[in-house]
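Remarks on the structure that follows.
Order as written gives the chain letters A, B, C, D and E; numbering starts at 1 within each chain.
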Amino acid sequence: MSDSTTPQNFEPRIVAFFCNWCTYTAADLAGTARMKYAANVRVIRTMCSGRFDPQFVFAAFREGADAVLLGGCHPGDCHYMEGNYKALRRFFLMRRFLESMGIERDRIRLEWIAASEGDKVQRTINDMTAAVRALGPLSMEKRALLHSADLSAAIDKPESRPAATKGGAA
Amino acid sequence: MSKPKVAFYWCAACGGCEEAVVDLNEAILGVVNAVDIVFWPVALDFKRTDVEAMPDKSIAVCFINGAIRNSEQFEMVELLRRKSQLVVAFGSCAHLGGVPGLGNLFGRDALTATAYHDVPSIANGSNVKPVEESKTPEGTLSLPKLWNTVKSLEQTIDVDYYLPGCPPPVKLIVGAVEAILAGKLPAKGATLAPDIALCDECSRKDTKPEKLTVTKFHRPHEIVIDDEKCLLAQGLLCLGPVTRKGCEGACTSVNMPCTGCMGPTSRVEDFGAKALSAIASIIEAKTDDEIVAVLDKIVDPAGTFYRYSLPASLLHRRREPQSEGVHKS
Amino acid sequence: MKYLYYPGCSMKSTGKPYEESMLAVFSALNQGLEELVDWNCCGATAYMSISELKAFALSARNFALAEQQAVNGETNLIVPCAACYLGLNKAQKNLEEHKDIRAIIDKGLASAGLSYTGRFKVRHPLDVLVNDIGLETIQKRSIRPLAGLKVACYYGCQLVRPYAEFDDAHEPMVMDRLVTALGGTPVPWPLKTRCCGGSLTGTIPEVGLRLSYILLREAQQRGCDVIATACPLCQFNLECYQPKVSKMYKERIDIPILFFSQLMGLAFGLDRRPLGLHRLFVPFDRTFPVAAAEGGAHVG
Amino acid sequence: MTRRISIDPITRLEGHGKIDIFLNDQGNVDHAYFQVPELRGFERFAHGRPSEDMPQITSRICGVCPTAHHMASTRALDDLYKVEPTRAAHKVRELLYSIFFVEDHALHFFYLGGPDFVVGPTAPKAERNILGVLGKVGIETGQKVIAMRRELRELMSLAMGKAIHPAFGLPGGISRAIAPEHQKQFIEVADRAVEFGKFSLKIFDDIVLANKTYVDYITSDAYTHRTYYMGLVDQNNKVNFYDGQLRVVSPDGKELAKFAGRDYLNHLAEHVEPWSYMKFTFLKNVGWKGFNDGPDSGIVSVAPLARLNASDGMATPLAQEAYDRFYKTLGGKPVHHTLANHWARLIELLYAAERMRELAKDPDIVSKDVRVIPTKTPSEGIGVVEAPRGTLIHHYKTDEHGLITMANLIVATQNNAARIALSVDKAARGVISQGKVDDGVLNLVEMAFRAYDPCNGCATHTLPGTMPLLVRVYDTEHNLKQEIRRG
Amino acid sequence: MSAEMSTNGAPKVGVYVCHCGINIAHTVDVNACTAFAASLPYVTVAREYKFMCSDPGQEIIQQDLRDGKINRVVVASCSPLMHEGTFRKATAVGGGNAFMFQMANIREHVSWVTLDKEMATDKAKALIAAAVSRVVHHAPLVRNRVPVHPDVMIVGGGIAGIHAALTMADAGKKVYLVEREPTIGGHMAKFDKTFPTLDCSACILTPKMSAVRSHPNITLWTYSEVAEVSGFVGNFKVKVRRKPRYVKEDQCVGCLDCIDACIYKTAKVPDEFNVGLSKRKPIYVPFPQATPLVAVIDPETCIEFKTHRCKKSCAEVCQKDAIDFTQTEQIAEVEVGSIILATGFKTFDATRIARYGYGKYANVYTSLEVERMVNAAGPTAGEVKLADGSKPKSVAIVHCVGSRDAHTNRYCSRVCCMYSLKLAHLLKERTEAEVYNFYIDMRTPGKGYEEFYDRLLQENVHFVRGRVAEISDWAMEKQEEGKLTIRVEDTLVGVVRRIPVDMVVLSVGLEPQADADDVRRKFNISCSHEGWFLERHPKLAPVSTFTDGVFLAGACQGPKDIPDSVAQAGAAAAEALALIDRGYVELEPNTAYSREELCSSCHTCVALCPYGAITFDTTKHAAVVNGALCKGCGTCVASCPSGALQQNLFTDEQIFEEIKGVLKYV
């Protein structure tokens, strides 16, 4: 059990929210260019980073994500003029809150990635995966939320999570 | 036909919910006549063994207030769940974890360390702490097991309805009781309060600017507060937009911003996250520095946005330092 | 800003006048330079070509010493010798970019009770003079402007590439701007960074001398009074072989080769000896009158 | 071989308190322990919160006396920001605080504590509640009580936002002024409140004082402890709830100390036992000498009786009369009979009503001038008020942004905890011998601490109110021999 | 009806996993994914197929829909940006609602970017699970149609803009052509000849220019710039800033008397059109064939504007009283349905490569300067002269200046090789000098290009393969004295050569316009790294952008020669025409909507909408969303504190489900 927390073979699960016009397109570009990067990030597409609701980030943690990556257009480039500024404002407040909840800064990132920056997608995802791998699992999902049967057992020790080691079973 | 059996119970709470029932005033007499109160520790004199003796599901409805933060509370609510057809989570603490839920920012050991060691008036050289089992010359004394994590009621037992508020407004209590008596209850899991945010019934509603934006937040003690104007528009961190109505703006009526005790509407998963999103969105700032400057005036995001709902929030509690073997594969 | 000063071997030998004049000039600008205690070879010279790692280790030790000595929060290490400047920069780059190298070096330093964080920045005096102290200050201090002096500014091959960030690698200008500030006239010439012959003058003279000749002749043809340089080896090559060059190409080559710092000293009105001018093989004895203007105020 | 009697309300409702009585082989009481089994940890989770939120956060310590915490906290904020509230703000706060006292004391006498006397200690359990009270004093009196309480709480909601968990306290004043058109209502209700105070005392006269058995209860040795007493007094040493200095008198009635709340740490300390979450306050300068009374033990008592003992009288005429009569009847100061608290409480109710009337008529209470904006950088603040159940101290330290870095809360019941433990132990010893245990035990033991109106909600941030009981008697083999419930 | 049928009953999800040949299959275990999909809740059909986007592939889906086996579709294949449209259509054709569909991107986001097969397969499964649990919560939707305004705006009056304008105008559409300079013509107008045919640039361009001028459907706004763009495809509102030329365009007949009359007897101001090789007066026309042929006054240099004491001889001499010193900047606002950007390029600034001595040595020229020099209508009337007036005996043409260079621009500017050959030819022709070309590679793809290269070889122009190291004026040998010496490694021979010449031509590369970034922001489109406007798809949509209704023509999209620019201009025009002739656009239904009865009137959302689509209705006491104005960013939805606002296709529920799905299983 403990070795699965060692950076070598712990495979973090990172949920990414990308805006359709810049960052998602950039991720497609990275694909078209066959840039290889860590397989740990799973992208959820919204039309604009302005749609990013902090609830989504917390839900991702709650469902078992070890980190969350937010990607939008560079300031001034938003396809919808200013959605990314809203995202930025929420991000700053959210990150302060998450810190007070004991969640490390590296587990939540906001990156501006333009449609042409496929390489930045690659770089960002590799960096973040490495950083989160070093941090180890977050284990925030439904922790201590189990119902009566497990409750007495679940009170103090965080529950386990589905194996997320390399090639973790479905 | 016999009157429906009703029980009241309390867990980690302040007693305000009980007071709120007393605040039914004259109406309480009507209620007492309409139902058969089989269990109400604060006012009436029946005991747990009586409850244990009852057949399962023999209690028509059980109102439980308070958060769940120790083993005995848990045993008791499980018992009541077994005996009751309906369980109503009564008040913020049972509904969302309530103010005691702020304990989830720390955890048991921190709480006891402060209470029995850190505070300046403690004369506790030998660093004594209350323990579950303690030997005395005469024998062993026991205390209930204090949980590390505070929980809302629905995180420990199945809950049928929720009556929000700290404490629930008398009107809502009466409404709920009437609904139960008349058998006019909504679908299971419903919150027995209007499903619209507080602004809807706020006296300051019409003073809101068409476009609501904030350039600078103020803390209530920092400014003279206008008696009529929308508090958010005055730069006060009022959570009315996020919070269910039903209190008729009790706090805002005395110029104090809503702190969200009624919890979110049914469309919102996580009160704090939504509050955070809405508030951050309406600030007027663009550069990182400007944004940080404005937001820094929100000095305590966790305590402000999750004043009553941390245990019921998506993240539930502060993450503890990850020790060895925390993660099992 | 306070600086630590790393001389390196040349400044104590062939480059003596460079050190003398530079220190004189800096103190004339009220800029104290604290010499690095117990410094060692920068690692250039043979090391670099035989075992880079050893070269880096030597540099690293100097950095580590600097970090130890920096009690007043100094983070700048002034390195006048172009070769040292290159060597130290190269070492730092490698220590930053190659974890494996860094690991070995760290281990080595540790065994000597030293450690390297990389917080020191290698700075060339030209960079410091122009970017930190500023040409304005220097111009003000120039009470004896080098009026009418035509200078070929020679940077040499090592100073501005590949690591220097303070000037263009192909068309450096700092020295030109400095000379202008001193009241002199930098002559446009395209050989600023062309090789002076380096150590070839010792090993394959005909090649080395030819390279020197090109520089010297071109400077002379363009009517330069003096070549200003920032490298001890260049200065040595260009100055000491002039007789040989003249003989070899049957063409009279006679042009003083000064360190830029010596020119500064002259402009500042400092005495010749402290500037090491008496050590020149090709003498330079022009003097410059005190400027009429407010310059006089500075005398004494 | 010890036998154990477990008086364990937890079998009936959790989180109040629990009593374990150990008997020796002769079946006599070895020791009785009064335990409080829960902690919510406000003192810790206050850390990081904005100080201006404390009046609302700490009021959640107790929903029965939220106004007390709200007020103590607000006073602590005044001190934290070194701002003096405006005259109007000061008066409005005290007005509301007096209203709260009338209401809370009434609640206790008629709903919680009263039944013991009004209905009678030996009455059947089913009647020993407010409904029983109604039966005894007549429904219209009952409705009068309810109506009075309703009117008072309406005023509280009007001025403080909510009666349960008020919102209006701010450093340097209150968040909103009372509208002039409401003053009339305050005055009318105040007049009725004074009448109500007299009426309550009369009920006490008729039902309790007129009944020798009850008076014997009150004066019986089982309920007598010679401890120190503490309470807030004004400059004339008259009882005050909202303001003034803390005065401590010794068991023989001499002033031991008189100090500003700000100096509480020089005089008070808290003792911790491994078997209770309750902390036990004691007088530093006398010292903790275990659960014993007498001049050598630092145990100090608060709440109505203590306040009367610690003062030289009441600041209003009618209450002063009652005060004099009280001591005349019970044989001079100080009175050490725990059950005298009920009487003292009603005297305080009358005082609060009279004070309410004074303030309600004061033109200042509708002044708009209710705020002073703090300008100083906060660092430390202490607020002290008298809660219905006794002295209440809030002590905060903050960073320069006014975020709490330390919160120390010393609450009424905790000040009484040691004496309650004493009462329990003594009551047990008084009524249990040779292992004979009967119903009487339960009433008597329970009455021992119900008299304090102990609010364990306050004390441990669990629950307030009454202390239902159950006694289990085990034989030496720990077989359940006998089980009796209060009733 | 299709809508009903697709919602009837419990969700039945069909999952179709695509091999994409081996593009997906070679890294993702498609069978495993299909089996996994079959095990997911609500999934009634799970199939795999080689090419789901092929007709047979789509037919599989449609058949399952027709058989009632499924009422929701998930396709796991490439990016939705690639084929979402395809499969939505397929779903609709099969009788479902197009929006009961969700795509899992297991190619761009998985198979193409992952090495480890196991992890790739896991990731693919996760994405499929996400799509399934999301699509279960989809609701049928309909697209809104909005009409397309038939007018078009073309920005940039170079050859690309001109061609596009004429094409559209001839098709009967009203065109606004906006040009920043006082005349249209762009770079092409500066050239003497065009490669490889060597036909005269002016001869082929000027007729098109005057055609523009006289075309009834074209409104030509020169000396004007786009100030602001709002609206969306089919319905743009464009504000154009019309700079004052101080000469009334409608009055001036182009007699140019005013210029002669100017009190400046000799021209003093560097002539922009001649890239500084000649001088002009404060009142001038850029060149004789300028269109419109209307003088313009440059207030920077005009005495009247400087001193207000000029005797204004220009105004006196004008019989039409066209001179008007009081003119001010005007803002014209027009509505158009589509926009074509043809803003062109700028040439590389040669001073950035100091060692080539441009700006230091008088006889080092840029190619554009030489274009003017060899131009009969140019500053030297076509004569090639050195700074001292003499004819060069030897000329070096240095290729790839500012191209294919890590220090400047990595890309190939595509036109330099050919124009260098052209200049080599012209220089040889005009001077009989020795001409040297210094090149890295000769790049002559294109009709007749390679042949032209051959021809030059015949004209014994010298070709040296190697990037020039430096150009300097110092002499190592006698013959170098007084000359510019090219130092270069001849990589064919493998020696370093020093070649003294009289004149150097730097073949500067092409770069995006200096203000390209501001411009693309105005039009809300993206840029590539280098700053060229980004096309929607490099192959399949080369003239479209990510902003519907905005098209690209010419070098603003990347270096192009004249034929390519013209071809692309035609293509852009065709796209715009297609849009106009369809007459309407279908909007994505992903708009926000307000459940008005749940709105608490908190006003949070109103200020957040950049399009003013949200207003507060005081009678309803609710925020209302104007579906026509809403662009579907969802910002208001994320901010609505009580969840009264939602967004079609991106409801909270759908996204929460997607989050659950993406993490629940793998």
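One rule holds in what follows: a residue touches a chain if its C-beta (ideal position, glycine included) is under 8 Å from a C-beta of that chain, and two chains touch if they have at least 3 such contacts.
Note that the structure is a prediction, hence the values are computed from the model and not measured.
Undergrad: Under the document's definition of touching, what chains do chain A and chain B have as common neighbours?
TA: Common neighbours, chain A/chain B: E.
Undergrad: I need the common contact partners of chain C and chain D, sorted by label.
TA: Correct list: empty, since no chain touches both.
Undergrad: Please identify the chain with the largest separation between its CA centroid and the CA centroid of chain B.
TA: C
Undergrad: Which pairing of chains gives the most C-beta pairs in contact?
TA: More C-beta pairs are in contact between B-D than between any other chains.
Undergrad: Going by CA means, which chain is nearest the middle of everything shown?
TA: Ranked by how close its C-alpha centre lies to the overall one, first comes A.
Undergrad: Specify the chain most distant from chain E by Cα centroid.
TA: Farthest chain from chain E, going by C-alpha centroids: D.
Undergrad: Report the inter-chain centroid distance for chain A and chain E in whole angstrom, where each centroid is the mean of the CA atoms.
TA: 34
Undergrad: Round to the nearest whole Å and give the separation of the Cα centres of chain D and chain E.
TA: 79
Undergrad: Report the inter-chain centroid distance for chain B and chain D in whole angstrom, where each centroid is the mean of the CA atoms.
TA: For chain B versus chain D, the centre distance works out to 25 Å.
Undergrad: With centres defined as the mean C-alpha position, give me the chain B-chain E separation in Å.
TA: Centre separation, chain B to chain E: 57 Å.
Undergrad: For chain D, give me the residues that contact two or more of the other chains.
TA: Residues 48.
Undergrad: Name the residues of chain C that each touch 2 or more other chains.
TA: In chain C, nothing touches at least two other chains.
Undergrad: Quick one: which residues in chain A touch 2 or more of the other chains?
TA: Correct list: 53, 55, 59, 86, 90, 100, 168.
Undergrad: Every touching chain pair, please?
TA: Between chains, contact exists in these pairs: A-B, A-E, B-D, B-E, C-E.
Undergrad: Where on chain B is chain D touching in the complex?
TA: Listed in rising order, the residues are 9-20, 22-23, 25-26, 28, 32, 41-49, 69-70, 72-73, 76, 98-100, 102-103, 105-106, 110-116, 118-124, 128-131, 134, 136-139, 141, 143-144, 146, 166-167, 219-225, 227, 247, 250-251, 253-256, 259, 299-300, 302-304, 307.
Undergrad: Touching chain B in the complex: which residues of chain E?
TA: Interface residues on the chain E side: 598-604, 606-608, 615-616, 621, 635, 638-644, 652, 656.
Undergrad: Where on chain B is chain A touching in the complex?
TA: 71, 74, 78, 105, 145, 147-149, 151, 155-158, 268-270, 272-274, 276-277, 279-281, 283, 285-286, 288, 291-292, 295, 298, 301-302, 305, 313-322, 324-329
Undergrad: Please give the residue numbers of chain E that touch chain C in the complex, ascending.
TA: My answer: residues 353-355, 357, 360, 470, 472-476.
Undergrad: Tell me, which parts of chain B touch chain E in their complex?
TA: Residues of chain B touching chain E: 195-200, 205, 208-213, 232, 240-242, 245, 264-269, 274-275, 277-278, 281-282.
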